Amino acid sequence: MGKTLEYSGSTLGKDLFVGKGKPTRRAYGFDEIALVPGSETLDPELCDITTTLGGHKLEVPILASAMDGVVDVKVAGIFGKLGGLAVLNLQGVQTRYANTEDAYNEITSCDKSSFVTVMQKIYSKPIDESLIAKRVEEIKAQGVVAAVSVTPNMAEKYGPIAKEAGLDIVFVQSTVTGIEHRSQSGEASLNLESYCKSIGLPVVVGNCVAYRTALELMETGVAGILVGVGPGAACTSRGVLGIGVPMATAIADCYAASEVYAHKHGKAPLIIADGGMVTSGDICKAIACGADAVMIGSPLAKAKEAPGRGYHWGMATPSPVLPRGTRIQVGTTVPLEKILNGPADVDDGTQNLTGALKTSMGTLGAPDLEAMKDVEVIIAPSILTEGKVYQSAQNLGMGRI
Amino acid sequence: MGKTLEYSGSTLGKDLFVGKGKPTRRAYGFDEIALVPGSETLDPELCDITTTLGGHKLEVPILASAMDGVVDVKVAGIFGKLGGLAVLNLQGVQTRYANTEDAYNEITSCDKSSFVTVMQKIYSKPIDESLIAKRVEEIKAQGVVAAVSVTPNMAEKYGPIAKEAGLDIVFVQSTVTGIEHRSQSGEASLNLESYCKSIGLPVVVGNCVAYRTALELMETGVAGILVGVGPGAACTSRGVLGIGVPMATAIADCYAASEVYAHKHGKAPLIIADGGMVTSGDICKAIACGADAVMIGSPLAKAKEAPGRGYHWGMATPSPVLPRGTRIQVGTTVPLEKILNGPADVDDGTQNLTGALKTSMGTLGAPDLEAMKDVEVIIAPSILTEGKVYQSAQNLGMGRI
Amino acid sequence: MGKTLEYSGSTLGKDLFVGKGKPTRRAYGFDEIALVPGSETLDPELCDITTTLGGHKLEVPILASAMDGVVDVKVAGIFGKLGGLAVLNLQGVQTRYANTEDAYNEITSCDKSSFVTVMQKIYSKPIDESLIAKRVEEIKAQGVVAAVSVTPNMAEKYGPIAKEAGLDIVFVQSTVTGIEHRSQSGEASLNLESYCKSIGLPVVVGNCVAYRTALELMETGVAGILVGVGPGAACTSRGVLGIGVPMATAIADCYAASEVYAHKHGKAPLIIADGGMVTSGDICKAIACGADAVMIGSPLAKAKEAPGRGYHWGMATPSPVLPRGTRIQVGTTVPLEKILNGPADVDDGTQNLTGALKTSMGTLGAPDLEAMKDVEVIIAPSILTEGKVYQSAQNLGMGRI
Amino acid sequence: MGKTLEYSGSTLGKDLFVGKGKPTRRAYGFDEIALVPGSETLDPELCDITTTLGGHKLEVPILASAMDGVVDVKVAGIFGKLGGLAVLNLQGVQTRYANTEDAYNEITSCDKSSFVTVMQKIYSKPIDESLIAKRVEEIKAQGVVAAVSVTPNMAEKYGPIAKEAGLDIVFVQSTVTGIEHRSQSGEASLNLESYCKSIGLPVVVGNCVAYRTALELMETGVAGILVGVGPGAACTSRGVLGIGVPMATAIADCYAASEVYAHKHGKAPLIIADGGMVTSGDICKAIACGADAVMIGSPLAKAKEAPGRGYHWGMATPSPVLPRGTRIQVGTTVPLEKILNGPADVDDGTQNLTGALKTSMGTLGAPDLEAMKDVEVIIAPSILTEGKVYQSAQNLGMGRI
């Protein structure tokens, strides 16, 4: 048991125990932290939010998740032109169907009870390898950086095909990625270090949450790591598997690894916070905790251009034995441009994400993303208290809870 | 008062006080913890979830609670063949009625207001000792391990009868079991040490929650201890008696005792977490906190084969003076096989419990249950925040809370 | 500011700060604690719950609050015969009206909007001093201990009248009682020490919450102190005045004072927890935190015999300038006997309070109230989590929150 | 990162971390604290609640927020005569429209969806400088202290005009104020020190939240500082920008600065808590945490005389690119006099704010505001527990949550 905390490379909270002899520590989510302004402020226009991933400069440090309801070829083009980076799921609808129209129709029109079955059927169609090259070419044709996501076991097969077609960045992504994976067949799982060298492209890998894992992944030569495993409290990973780390802590832990790495190597891979961000405030917090960029899904699934047509679904849903994630109707609101760069029509943090980030940075006196990581973070839970329930009810014009 | 913390064998949290001079410590429930993935992962198929209780190997480390709505003879057979172990309540409907049909009819068809009275009446019928042997024989006839639960005061009377009929494991179970019990009549309460020797069968005893009690119970020669007293926050024991210990802490405390015991004796009795688990995620957490197996009731009461026909009720309900526990309509969903071994049709952690456990272990890099006890556990409360209420409301298609 | 913590006699939590330079500590309510069973259990029948107040032995350590909706002369008789002690409000309806029927009619039949006005009118009728003697005599005529409650400023006037009529115990009670009170007129406020000597009766004083205040009050020669100021989170005192101390901490603090006092004087005044207890579990917790007895209001307002006819209201409501407290419809359920001594028809901790207390003590291995104060108390918040909301909603047959 | 905590001048909570290497501390809101009575009490009439701001004595330590729905010329007169100080927004409706009737009509009659657009239009009308003088003169004509609020960039232009018209106190107010601001144009932002000297009027500046910032602002010669940034958990600043500090901690931190300043200079500027107070209890807590006075908006927007006619809206709403804050229907209840000085018709802490403050001070034994800052503050969260939800539901006559 003494192994436990050492394992995650953490010696924090050494006075906290689950029970006798079981050390633990407190982890925090976005809802539990807030940023503290100091003595300096500056005009939002002065705040530099650019970052660089694998040699590609991003005007906007926001990535669109490799989820079929969020990114298709068209979104990749629009989002890239707006300054962000959209990542296409290379093992989803886009590469299984030449014409994706029918697949999306089925997914978004079936009822709740048949959704899992429909998903299992649609994703049982084999991947058409010719579509891999086609999709990458279609993205490149729009003049933007092309990025796709593949699972570790398919990375060596599909990566080179996509590269041939002009791919710029490859994301090797599974729910949880460690440095070592054992499979039943005994065949060696993906060797990341070799892969990074052989593929000849910037590799982003994930997802991970722990300090030591992040450090080990960085040593393989990746350009970035995705941070986030089951962040939301309502997240299926947590209910089904008991697994999950609140984002603020996960990011701060991995950022600590990147600092150690940077101290040794000069420059560390990018920390990309992935999951659990629903408002611009969450994005500001993610960066203040140590992220260089963020990857978001549901906030973009609401866009007019989103292929999900107002629906958002997880990529673990089609699992034939243990479906996780579900389909949520997020609705369709405004164009991607308004979500990303405003102006905002609403005041809830779902529009003008970059404007909010710059305003937050200005208010906090942070001229760039690096400086944003140094702002004070406090623990300030937005716990639901009795008073707030009554107040909310009143504000909503309700006479009772 | 200084006695207090020493009593539970704990020196943790020595800086926490209820008030001046009243030391205390923080205890955690399943909702407040989460598991943290590390650097290694492995294929779920490689994960070994077997355990051994009293010499009987269990393919599935899940026990079905000795509750009349959960286990009857038929369920004992099915559940055993699926790899788990169902425990029959030897002082319930099964041994009071040769034909249990009418009793179940009454319990499940009465209305809420008459439920307590109905229960009191049904359980006032004396136990028919011939049925004890009959039920055990019926279970054995299905080719599975036979296990029954008796109360301490009836253990010496009913245990031998059941053993004669072929019983494999006896559970001696009261709400709370300590090593010493004083009764008004002055008659000696059950001497566990003698009982374990004389009965000639593996004995499982419970329920307990504290380190020292667990250690003392282990010294009596039992094969396993049940851990859990009033775990749920809404649990009646807590409202009526003020008693209860959140499960994560209770398990970790008793696991600490088993480690001490194993260090001394080579091998410790099994720690069986009992109560408060509703999802596969909870089961994963229970094992990560130190349990060797889990005992669950309500998740199985939903099974098509459950004798409760969609209802679940506590065994303290028929108390003539202080009824506790209530009847809950859980509904009837799918067969036991789907609940235990999947495939799951839903994504909420109520189906394919073993699949989820293996996937969790694989994600956490734990090849067997012993290794699972070493994964990092963090405190990560799934507290209901204002944001989450709004979000939930939105997800449910509600315009307001 | 350094004075702050010293003031309450506490040096606990010296590492906790509201902000820079403002030390504080965490206080706990009943909802946040639970009791932990240990190695011994005993039959509930063996548990002695008697206590002694001012020389009067109480079979039941429960007092009925001096509130007009809870105690009248008749209730005082019934409750006393059941073993408890009911305290009559000497400045309420009972002493303002010879025939109280009409007053109760008005209070319980007016609508919500006119309630404050009605109360202000009813309580503006002057006290009829002849009724003071009459009420005390009526209580004594039923063969029980007679106890009344007066405010500090009226204690010297009404106390002797009541004593003359046969009073046994006098409660001197204001919302908050300290050892020293300054009034505008300059006239000396009640000198408790002199009063205890002169009145020639056991005096119970309250309410207080802090260690030092409790100690100072004990030094005046009182027989008991009432502990509790604005305990509930929804309590009006907290919303209107910002004042309140969660009960578990308040009781433990005052109990610490009683231990110091007992160490010096051999025996300390009784600690009577007053407020915030709604279930038998709360009563068990109050005693485990250090209370010798409890005073409850709303749980008794539900009794068939309660003068409030299903309504319960606070005694600060009639204030002409700053009304606090409100009228709550608690409904009428069962006779006082069932509430106090069962048998219970329900399983929610509102009936058979003494049975539950004895069962709790037996489960915890505490043969008497003194031993009950030594059981382990853990911090185990019954926080409302997302999972629980969904679960509750499901249990209630609701498809959504 | 080590810089982080030093930055806010705090060395508290040095054992708390967001994650590895990211130190943090816990901040508290009004809902999480409570005040503890001690050994002394005094009659409320003896409590002195007066304070002095910029040489002007205030009978009531309550300021009305410079928000268009709360303060107009008429309210400034009434509120001043009642003993408080109302601050007029110098860049809102009052100085853009000679006749404000139509503007208020539009704001309060438009529907929710068009509100942001309507606000943007109304606030796009240029400020009429002649109205600045006019409004100040109208306030002065009522015989009260005249105070207005301007933004930092307009302070040098509008301040002198208002002074010329008889202004008494100028509030220089932006969402967040630090000592140094950099703007794109390179032009120097407002130099507070020079401004305080040149304007020849008491200057109040804000808002700030941190110890060091407060100290630096005090050194510029201001008469008071406003404390509070995004205090409410539901506050838009927190959702949109991730920024916010719970009030109890923000006030205590700034109070610590004022103590250091006073130790050096004899007397410190006033600490004015601004935001997040909805009840009299909150006001009591604000002062106990170290505030000399409070500034409130929504509690006054409910007044019969409020220009918002039952509506309340934030001043960041009209932002053309990043609207924050929203319009809330607070309803119209009673005259300002009843809200401020009672008598109260209700018991929820929204009326008779000064009566409640005096009663709280009397109960806590604090003869004046300075003494109130020394009362013990405990952490006592009014967390919503399961029990409370059921209880509330029951109180509201609801059969379910």
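Order as written gives the chain letters A, B, C and D; numbering starts at 1 within each chain.
Convention: a residue touches a chain if its C-beta (ideal position, glycine included) is under 8 Å from a C-beta of that chain, and two chains touch if they have at least 3 such contacts.
Bear in mind the structure is a predicted one, so any value in this text is a computation, not a measurement.
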{"item": "Superposition of subunit A upon subunit D: rotation angle, C-alpha, nearest 5 degrees", "value": "90"}
{"item": "Interface composition of copies subunit C and subunit D: same or different, split at half", "value": "different"}
{"item": "Distance from subunit B to subunit A - Cα centre to Cα centre, in angstrom", "value": "38"}
{"item": "Distance between chain centroids, defined by C-alpha means - subunit A, subunit C (Å)", "value": "53"}
{"item": "Residues within subunit A bordering two or more other chains", "value": "15, 27, 233-234, 239, 249, 381-389, 392, 401"}
{"item": "Of all residues in subunit D, those that touch subunit C in their complex", "value": "9-10, 12-13, 15, 27-28, 33-43, 45-46, 211, 248-253, 255-257, 259, 279-285, 288-290, 342-349, 352, 355-356, 359-360, 363-365, 373-389, 391-392, 395, 397, 400-401"}
{"item": "Touching residues (chain side subunit D, partner subunit A) in the complex", "value": "1, 3-5, 7-8, 15-22, 24-27, 29, 31, 116, 175-184, 208-210, 212-213, 216, 229-230, 233-234, 236, 238-246, 249, 278, 317, 320-326, 328-329, 381-384, 388-389, 392-393, 396, 398, 401"}
